[in-house]
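Notes follow the structure.
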Amino acid sequence: MVTETAIVVRSTELDPNGHVNNAKFLEYLEWGRFDWFADSGLDLNQLAPKYGVVVANVNMNYRREARRGERLRVRTWLVARGESSFRYGQDILNERGEVVVDAEVVNVGFDMVERRSAPLPEELRRRFDELIVPGKLRQVGATAARR
Amino acid sequence: MVTETAIVVRSTELDPNGHVNNAKFLEYLEWGRFDWFADSGLDLNQLAPKYGVVVANVNMNYRREARRGERLRVRTWLVARGESSFRYGQDILNERGEVVVDAEVVNVGFDMVERRSAPLPEELRRRFDELIVPGKLRQVGATAARR
Amino acid sequence: MVTETAIVVRSTELDPNGHVNNAKFLEYLEWGRFDWFADSGLDLNQLAPKYGVVVANVNMNYRREARRGERLRVRTWLVARGESSFRYGQDILNERGEVVVDAEVVNVGFDMVERRSAPLPEELRRRFDELIVPGKLRQVGATAARR
Amino acid sequence: MVTETAIVVRSTELDPNGHVNNAKFLEYLEWGRFDWFADSGLDLNQLAPKYGVVVANVNMNYRREARRGERLRVRTWLVARGESSFRYGQDILNERGEVVVDAEVVNVGFDMVERRSAPLPEELRRRFDELIVPGKLRQVGATAARR
């Protein structure tokens, strides 16, 4: 499963350089992960009491600028999962299919009461294992960019 | 040179989890890099006409939560420079000296008219070479956390 | 002319109360005014050298909460114009046609070099006078809410 | 009681006009109201179960620009209170004592479970009545600007 989140770049997302600020792209990626989770059919609130998900690592490359009014697509797929963490591949494409940003984001299960990492609930592991996109994941972006 | 930027976590920087959102930390890091540049004595606007700096890569780890009212310090140092890019080490410490976030950020010189990467101006290279912090840079954070 | 800007409420636009933060709605309104300007056929960059527009006053009412995933519409219309300023009516409706926010926003022409207010260029006055929505403007929102 | 919140304008708070975006000032005002509440000795979480405060109306004037690195002060005082709502006066001053923004903000008590307005708890009414700043409140700003 690779989900797509459609975005229009808005005025307040630009910085004085006239393009989308580097930190705003990280918000775009979060929007994409929420959409991925919604499409997975999983509901964090139902999975386990007080269970949540937080970000542990972000590694993102900025490939091109994006400007006000551009229509972007955030693509999100699950790369791998461990005992308590899981890793997404994500990229952001512009209207010409060019990669604007690509990234890997590690999330970790989190006990929202104890405020510390927690193992993935069994239901989530099973569903994750179905949804992982195997193979050379960055090529998903590369393929689209070639079209 | 390692610069410090003092921050108080503000209400609008929190997300529904009640802690600083992952993308907001990336804004904090940008604030730190601006302070580093100011302390370096370099003025981008004077260095070369239409010369700017943009972010090429961010690799950041989230180690601890931060909450409203916490006083954080963003530390910023230059790790290395190439022909057109340069790399910062950064971390964010809380009041107990614990590492909240650590990161490496690659910036690249940018021609603001042609909108593409540009070689570092000579004056900037010279000053950068004076300012690079050699050695095991992440230990700067580790040391503080042990105090 | 009343323009509509379609918005999906995103995760990073929520605050710890779990709803869209009060300041974020003001960004939504700015997005609506940019769309209004685009639909007007006017191009600020062409009108006059170094001419821009800044906000002078905002008066906004918060009527209902908005939550992640809600689809909102920002409606924007011109209420009046003076020698150097002009006034928009705006509201934000949810999927049930309920008013979430309504507002009046005064903009003022601005000399981006001298950094002070500047009279409206003649071309802009003429176009504005064609576009003003006369009458009881808040009822535009009220009507929609009744549908 | 008039509280002051010290702010340094940060890079990501600017828009393509090179000054603080109009919506960001509304975040600054929220930061000021949180500081006012902290100084009042009141703790919303202790006052009443599931009781919160939300914004009902904002009326703000933009008087001057603010730029990166400027040190601003957000001043906040309570103007009046009703049965379920209360009204703040706020302004933002720059280093020269000039008013950058002034505003009135109406808050309303809110039942966070029922998601609707709720009367002010008795303890909060009593404390508010002690803290109201009587008289011509906008002159607080005007006086400072004259110094």
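Letters are used for the chains, namely A, B, C and D, taken in the order the chains are written, and counting of residues starts over at 1 for each.
In this text, a contact is a pair of C-beta atoms (placed from the backbone, for glycine too) under 8 Å apart; a residue touches a chain by one contact, two chains touch by 3 or more.
For clarity, every value in this text was computed on a predicted model and none was experimentally measured.
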Label of the chain whose CA centroid is most distant from the centroid of chain C: B
Interface residue identity across copies chain A, chain D - same or different by half: same
Inter-chain centre distance, chain C versus chain D - centres from mean C-alpha coordinates, in Å: 23
Distance from the mean Cα position of chain C to that of chain B, given in whole angstrom: 35
Distance between the centres, which are taken as Cα means, of chain C and chain A, whole angstrom: 31
Where chain B touches two or more other chains, by residue: 11-12, 17, 21, 23, 27, 30
Footprint of chain A on chain D - complex, ascending: 11-12, 14-18, 21, 23
Residues of chain C touching chain A in the complex: 10-12, 27, 30-31, 34, 38, 68-69
Residue ranges of chain B in contact with chain A within the complex: 17, 21-24, 26-27, 30, 52, 54-62, 65, 112, 115
